[in-house]
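Each chain gets a letter, A, B, C and D, in the order it is written, and its residues are counted from 1.
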């Protein structure tokens, strides 16, 4: 765990998994030097995947967003989102009924296009829950917190059903200093009110790592020791990467700041294999 | 812990502490027979106190509310609210600056009339927190959850200050089946986002029991074994009463239902001394 | 989620994952009818895997143990243990130093045969931790709880290192009524003392599911919807199976009893696809 | 919250509450200058109370211990222990049966002399729990952790009864660097195994503050704003003192070290009114 050049580290691996927010981009836009780093890795035939705790947009929408920011060459098929994991889960496990959701209509259309009907919390009749077969926390936007959070508690008090949290991040950064409460934070509030635990998708849970690794591994591309996970957050990227058995790099362009990084590692016990200022240094 | 007549039990004590919501009244109005029970206890010179986890209204407003519901003879001075405890705390511990709050303007005026200025979260400038000396969670109403909960997180990330939760109830009942997320639930969400614990007022914490007991005890009216606590909620009324050393009655007119009461006692380990259908039976 | 014949359900799948304790055997010995069920599935070319939260014995030792109980035909290679997962993790992530452990010498030899030296907590010199590079919670036996639990706390207060919990079960059954505190319970005590979270192996975490599924999947044997997970515990087998995307059967021969199964499902929100009395019915 | 002379602060109050371990004494013996500080306060007629989370020894045994260390003039009646609070609770709430305990015979005799029989966990017959009416966690010594912790879990799984934790400290210091798991830590392990919360005595809970304050207050000696709480631990002494409405001094001769004090205050949100190096400076 010593600070060094990101490229010198990354070039020892066959595959690099990048977190998106705080690593490739942040609230100001693209991380300086990101394009050069991606191009350099491509030039050496190092495979790239982006693993993002985001359930609000599809792979294509994510890829477009990188392009608009000026980062070119990330293909939709290289992006793995926690929303995709939730979508697969629903397809495999929920066979009939309507899926209730908290989030935007856009996020619902993307995740819930599995042939099942979806219904926003605001449109649910509490006295008629028979058809509701599952509940998904999709996004922190698209609903009225004052009314719909309590309504969610009451839906889940009245009927036992599988509950999925499509993005378990509790906060996301909105500026250098400030954060916003995210889907995972709202889901946790509801879990506490009900004394239950929902099914969470997104790092640090293993599903996205499995998905990305299996894709590569099936084609004989890599073993775990040949994959590097790069992230800005100890509790999601680094914990998840470590637990899945990957080497991990913590970068300091997002949630974790240089002045507090060693205190945070000591207090959390989550230890990256490497620490770099950014993916460009 | 056997079911029996409430009056037969209560008449063995010199003082009875009543919870308000779920015991004297509920979402439908006054509990049937409440007036007769209060009158009967008065007739035997048994002192009465109402201990309520409510920070939205003053003692006088609470007493008026009982009168309007048709319950007469509860005086303002016999009511102890968690809001009063928060008020005393602020008076003793905060000597200057402005007190930030989440709640209604009415609740702020009542609790924060201690000579200190108060300011709603919506009116706070995040870049100018110098004058803010404390933060109070007052009520679940009076603010926009979508914006002000995240803003609260950011205020408390930027400046370390004493944070008070004037009512630690996490939910309150709004009908036979449904609940609403309460101040304590919102405060817990913010605590989790910050990984901090705030100072909570309200049962099961001891402050209201101390206050009510001291008032009586100073006049030589009672020892602890002469006081009975009556409530509808195991985790607040009964746990708080037991821990303070009082005998406790659980009534089944509020949060706890007859069909699940024994399961709840077993799973929580919180054991009332007596269980009664209501204060009228 | 309705009760029905186990075989009628299982015969619809290509692969069945069994939990061991509470499903194939329990404190009294083999579950009645287990051999007939295994034979029947074999006869239909249904692949079988045993996924067990056990870090005290190797695959071979587990297979021998089934034979001695009278259950024949479970091969070592069909058994997946949480200990194997911990072993793989250590091999991939820890490259030098000594691995400290809490458990029996036997469990240490089996898991830690990766070329790295291991050292029992009792033999560690608190003033000389330089060489210690990782810590593993292996077993609840083989050490003196009165002295070695506090010593573990102090080792981990003095030096930050990766900490692995090779079996995250908190209790295990020792008779019809009674349990014993297990490795996961001791690890949780230490986590709480340190305010840290360790890396846990064993259901409900995904590693064992991934491992078993990848083995089969690589040979083209199965998709997730063709795999059935059978377990006796909601919080490990059923939650883990559901989260991994498998169909799940809860059997009532272990931790979950018929009289409380519906209450437990309601209170936990963890919903199996099927409930059966046992794998023999 | 600025560092200054302890005596200059203390002399503004009528009463000073001292924590014992880490304030008046520590693992090395008496805190240097403690006698002079106590004598100076006595000389100005400032009342003194010692509030200690200790359930292993009586007031007299505590007073003797101060004398033997060389601190003279602390009378038994000025010492308030968490064990006394547990004793009062048991006297008021448990009227028959035997009280089961985990701890030393000495601690049991002192706390349980209330006329009720007591019985050590090791001597309890799991199949004969009828007479057991309550359970007390008294001390971390006096029993075999390997056997008696699991036995405690099984006793409390088999019978619902009031469970008291006579000292809720989770660890205590045994040297400059090292700690030992304390009664509160063991009780928390059992709470987690059972998913229950027990009744805890000791700071930060209010009972000891109430007891000490009521004694003084009844004689008209003090109002809350005239009482100063002095402690070395944010989560017990300072949180408890703040919540009870007292002014608080954090000293740096115990659990909290100078180099980390500001980080700890920021991360916990528990803010003492004053910080002093020791009670002698």
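One rule holds in what follows: a residue touches a chain if its C-beta (ideal position, glycine included) is under 8 Å from a C-beta of that chain, and two chains touch if they have at least 3 such contacts.
Keep in mind that this is a model prediction, so the values were computed, not measured.
Common partners of chain A and chain B, by the touch rule above, are absent. Interface chain B/chain D: over half of the residue numbers present appear on both copies, so the contact uses mostly the same residues.
With centres computed as the average of Cα coordinates, no chain lies farther from chain D than A. Chain C has its Cα centroid 45 Å from the Cα centroid of chain B. Centre-to-centre spacing of chain B and chain D amounts to 27 Å, using the average Cα coordinate of each chain. Each chain gets a centre from the mean of its Cα atoms; for chain C and chain D, those two points are 40 Å apart.
Residue positions of chain A touching 2 or more other chains: there are none. Touching chain A in their complex are the following residues of chain B: 126, 144-146, 149-150, 153-154, 157-158, 170-171, 177-181, 185-186, 188-189, 192-193. Remark: chain A residues 88-89, 92-93, 156, 160-163, 194-199, 205-207, 210, 214, 217-218, 224-225, 239, 242-245, 247, 265-271, 273 touch chain C in the complex.
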